[in-house]
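Presented sequentially are two complexes of chain A, the first with chain B as partner and the second with chain C.
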Partner chain A sequence: MMERLTGAERQIALMICVVMAIVGLVMAAAGRGDPMGSHGAIVLIAAGIVTCFVLRAIGEPEPAEDRTTSYYDDPTKAGLVIALFWAVVGMGMGVWVAAQLAWPDLRFDAAWSSFGRIRPVHTSGVIFGFGGNALIATSYHVMQRTSRARLAGHVSPWFVLLGFNLFCIVAASGYLMGVTQSKEYAEPEWYADIWLVIVWVVYFVLYIRTLARRNEPHIYVANWYYLAFILVVAILHIVNNLAVPASLTGAKSYSAFAGVQDAMTQWWYGHNAVAFFLTAGFLGMLYYFLPKRAERPIYSYRLSILSFWGIVFFYIWAGSHHLHYTALPQWVQTLGMTFSVMLLVPSWASAGNALMTLNGAWHKVRDDATLRFMMVAAVFYGLSTFEGSFMAVRAVNSLSHYTDWTVGHVHAGAMGWVALITFGSIYSVVPLLWKRETMYSWKLVEWHFWLALAGTVIYVFAMWNSGIVQGLMWRTYTDSGTLAYSFTDTLVAMHPYYVARACGGALFLTGAILAAYNVYMTIRHAPEKRPERDYPTSSEATEPAVPAAE
Partner chain B sequence: MDLTHDLTSVIAKSFGLFYLIALSVGITVYAYWPSLGKRFDKAANSILDDEDGPCR
Partner chain C sequence: MFRKILSPFARLFEFHARTHYRTERHSMALTLGIIVAAGVGGFVEIAPLFTIDETVEAAPDMRLYTPLEQAGRDIYIREGCYACHSQMIRTLQDEVDRYGPYSLAVESQYDHPMLWGSKRTGPDLARLGNKYSDDWHVRHLVDPRAVVPESVMPQYAFLLDRTLETESLPDRLAALRAVGVPYSDEQIDNADADARGQARPDTDAADGVSKRYGDATSVRHFDGQRDRVTEMDALVAYLQILGGLTDAAFANQPPGED
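Entry: the complex of A and B
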């Protein structure tokens, strides 16, 4: 793949690899005896692997292609394959975590396999590994198509993609070694955080520079969502991770915030991670791939603009609903609650917009599992945002908080919305990128759809039941005013639901494995399709320009 | 002047309220500005046929 870089670009890539290798070496030497040392070794190895790829290309002749005539899709392709890899790893971890909760012996008595360590491997693996790579890859695709401009640069897309994956690997391996700053979804320590800032700034600059080259007067709304995702995640990440390392040769650091300020900063981050990582970016996917697949323009473009700004400005204030009944001032809790309820409006506007787009094309939804993935994703988006706004009401939260109801809500959003829209987008973009007629097997797509839907429904219903049973048991008092149930009683009551959840998760995981297999076989074996037109045209002209060869 | 709890809550309840109202009015006006309708329609349709390669 590196053969398509020019000589100068290959040299820049090589220089970055060398710098990374030196950084890895310094970390390994300085952090000896600390997890930071192992991370140094990982950085060194990663730099070595990329160096091998670059060196193999360095002696090759310069690429002969005319770069003005095609989009640059190599990083997109790599990103999609990596996302599927993380899907299998992250969801596999999820099934293991679920199984441990049902059958605790499955820990096998090792330190690294304890619940507290593999749980963040699951959450980061699916959110950042699977979701993040899918977002980066599809954003490369969408920014080029909607701007009708090639990516602004050939090294930086690779830097962002591979750099982000280095972050994911450092994060996941760190958890297994016990490294954490104990902030949910922001567990990695200070050096990983600094690295992510660098990667993210390059990503932002790449996006802006590509948009600056655009050939369309108006920036299509999907780009706004992707940009909000990149920009706000950068702000959240920097503020929440402000910390002072205990020493420059070790992983441990101390947060710049304390007490309830620390909690509020964390959940301002945490909720907006949901908003801008798990929602805004994926809405970008929805607004591009759903109309594209349905071959119908979005139902109301104006509504999509309104809901964009609604989501951006309401979400920022909603984080305090994670801290109901805590030391946080009452009015801040009420503020978060109010904004969470208002959030329902732009959220349902987006979900409704998606479904109305399909109105009139239901026969396509029936026949095409790929489009069905996207439709069901929009339904689950509507469902989980309704549930979220409901749970944010303080009185409801007093029942749901700390229970499995929250976990059920999370996975209605994460599996039903995030994962399904991603799989739908992957199925619609893979044949296009690899220039195949269709996916290798549409039957497998169909199987995946039903496995994923069944898995999600089983998971979510199990957790709703478990959560409400648990919450009610916790608040049942006897006549003499003591608690009616011990904690162990609640665990016994939850056990069947935990078993059901593990089974539902296993179905979902099976679907993801089928997807990975199907994509692999599509790349390897599906019949090729010759593109009808593959030469430049301006969006003004409906007719293509005369190709150079004719 | 200290950034006290009282001060921040007063700012949130006054300035915060008005800037959000101004913002929502501004955005609604932008989204429904009649002469922009054509541009939005064109944008909505532009993605349906974009595989013919970039212009630059």
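Entry: the complex of A and C
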């Protein structure tokens, strides 16, 4: 894997590994008796494993390739494989979490396996592990192709990818040990947060430096989205995680904010984690892989500009719709509601732009499951943003908040949009990267598509039902003016939906496992084929970055 | 006519597209544009919450968590109870009827972090304190389905066997003071002893608790075990103070919305 680094680069990589190992050792020693000590051991082991890889390459001869005539795809390939690994782990956890709500004793009676501890393993596993790795890997691919330039650096892409995964592992193992800040989607403790900031700064510098090398005057739209993802996530992450550790030798810290200010900061973060992690980055994927696969230019460049700035500007205001009818001052709630409704315009502009791009290529959508993944993803994107804007209206939120309706909305977005666009992108990029003719089995892709679609639909319908039923039961009064149902009455009503959700999730998980198998077999067994183009060049004619308008 | 109304918008759109087309050649200009566009909303909504006085009501009777309660709160966070239980009663009448007076901002004034929650897989806990006996809580945490057969809550029997770690409490209170909770030096220095004293009413350490945190503080064997202080003690002590830091919410509150 590391053979393509020059001798000097291998030495730098080795130095970074040594520094990491020392950091791990210090953490392990200082944090003895605290979960931080275990995390130190994990850092140490991780550094050791990477060191082995680098040492294996260190005796090899210098790479012979001419770096100006090829792209650097090794980190992209590793990132995609890791993303699939996390997909199976994270969704497997999702099915387990879902099963625990249907059959609460489905655990080994251990402290680490309770719902509260494994739920964040699911959310972080799918959002950061699966989504994050897919974003990093595809961003490396897209920025090189659309800039027609090689990555600016060979150690830094590995640093970002592996460093990010170290963050994910520390996060997930921490939850099982009870290490959490309790802030949704920002659960990891202070040292993991600091580490992520370092990784993220390197990521930003890598992105900007690669763009600076581009052989193309304009920066293609997919890159704006990836750039917005990198920048805004950095701002959100730093502000929301401001905290004071109880001790430098322990994991526990206390948020800098309290009460109502903390709630607003958390949901400013939380909603924009949706916007800039689960939306902007994946729109970057959509804007590159969908036109590429359909071999059609983006329907409207102008519309893409409008929706880009609309999304960047409007989303930030919307966080307070998570706090309707709470102790947050009403003027902030009203602002959040207003901007959430306006957000529908740029959201639908993006979804519409994607679907219109397919005009004239519908026969391909019919025949090609990969393109169908992306088409359905765009539809679910439109659907979940409509639903979101609707739920942000105060009166609707009074019913939906705190119920499974929110969970249904989340998964319409997360499974229907985020996961489907990612699988579509993976299926279209894997043969190119490993220089294969096609995927190992198109039938498995087809199977995966239907499993994923069925799983999502079952999941979302089950949660819509259970959420609305529960919300209505909570507010039903008897004729004598007392509440008609106790809380436990609603639990009984939920049970069948929880069973259905677990089944839908199992279908979805099966699809993800098929994907992992199919990619593995493609790498191992599919017939080879060198792409004709696909190398850095300054000529638009030899390698158009994306399909151009006639 | 229609065209006339729309034409300024069309021109604005055109201008916007052209400006973008120019900045899009410069990655740093794009970077700045994104930071500014994304910065405005957060600033306008968050900054005033720190400066506008009406945001948080005044409550002179507001008290702080004792070290034992704070330790319980840390366990509540560690176990992820917040994933299923909210601590925020909305201003809706059915919630007021079910759980009690709606939550005020001041009640979580010293909550670093807040635990308002976003999903009610179980009921809201904002006013849980003194609703059930200590014994009920212990039995419920040891085996939820023995008490509520329909419950889907995990069991936490292990809390009863784990001795509470109290040595780090002075550090934890000091960190809380650093972020704005007004603990005194004395409270911080004695946090370790106070935590153990609050769960052992028959020891000398118990007197310090009432002295430093007020006579209304509950000092008792929360988990029913006389000889040791466990994580169960801490968690139950925390659950019993929920909603009890101040009476502000009970003072003639306007009715909830329908």
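By our rule, the second predicted complex is superposed on the first by the 534 of 550 C-alpha atoms of A that agree within 3 Å, B and C clash if a C-alpha of one lies under 4 Å from a C-alpha of the other, contacts with A are read in each partner's own complex, and residues count from 1 in each chain.
What we mean here is this: a contact is a pair of C-beta atoms (placed from the backbone, for glycine too) under 8 Å apart; a residue touches a chain by one contact, two chains touch by 3 or more.
All values derive from a computational prediction rather than experimental measurement.
Does the chain A-based superposition show chain B and chain C clashing or fitting?
clash
Counting only touches as set out at the top, which of chain B and chain C does A:329 meet: first, second, both, neither?
both
Just chain B (first), just chain C (second), both, or neither: which does A:218 touch?
The answer is both, since A:218 touches chain B and chain C.
Residues of chain A touched: more by chain B or chain C?
C
Of the two partner chains, chain B (first) and chain C (second), which one does A:71 touch, if any: first, second, both, or neither?
So A:71 only meets chain B here.
Is A:260 in contact with chain B, with chain C, with both, or with neither (first, second, both, neither)?
second
Once the structures are superposed on A, label A:292 by its partner contacts, choosing first (chain B), second (chain C), both or neither.
First partner only, chain B.
Between chain B (first) and chain C (second), which does A:488 come into contact with in this model arrangement: first, second, both, or neither?
It touches chain C, and chain B stays clear.
Give one of first, second, both or neither to describe whether A:100 is in contact with chain B, with chain C, with both, or with none.
A:100 sits against chain C, while chain B stays out of touch.
Looking at the overlay, what does A:306 touch: chain B (first), chain C (second), both, or neither?
So A:306 meets both chain B and chain C here.
Of the residues on chain A, which ones does chain B touch that chain C also touches?
217-218, 302, 305-306, 309, 313, 329, 335
With touch defined as at the start, can you tell me which chain B residues reach chain A in the complex?
Counting only chain B, the residues touching chain A are 5, 9, 12, 20, 23-24, 27-28, 30-32, 39-48, 50-56.
Hey, which residues of chain A end up touching chain C in the complex?
Answer in residue numbers: 100-101, 104, 107, 109, 111, 114-117, 119-120, 175, 178-184, 208, 211-212, 217-219, 224, 227-228, 231-232, 235, 239, 243-247, 250, 252-266, 268, 272, 276, 302, 305-306, 309, 312-320, 322-329, 332, 335-336, 339, 398, 401-403, 406-407, 474-475, 477, 482-483, 487-488, 491-492.
Please name which positions on chain A make contact with chain B in the complex.
For this pair, the touching residues of chain A are 68-71, 144-150, 213, 215-218, 220-222, 288, 291-292, 295-298, 301-303, 305-306, 309-310, 313, 329, 331, 335, 432, 531, 533-539, 544.
Going by the contact rule at the top, pick out the chain C residues touching chain A in the complex.
13, 16-17, 20-21, 24-25, 27-28, 30-31, 34-35, 37-42, 44-46, 49-50, 52, 54-56, 74, 77-84, 86, 88, 90-92, 94-95, 97-98, 102-123, 144-145, 148, 150-156, 158, 168, 171-172, 174-176, 178-181, 257
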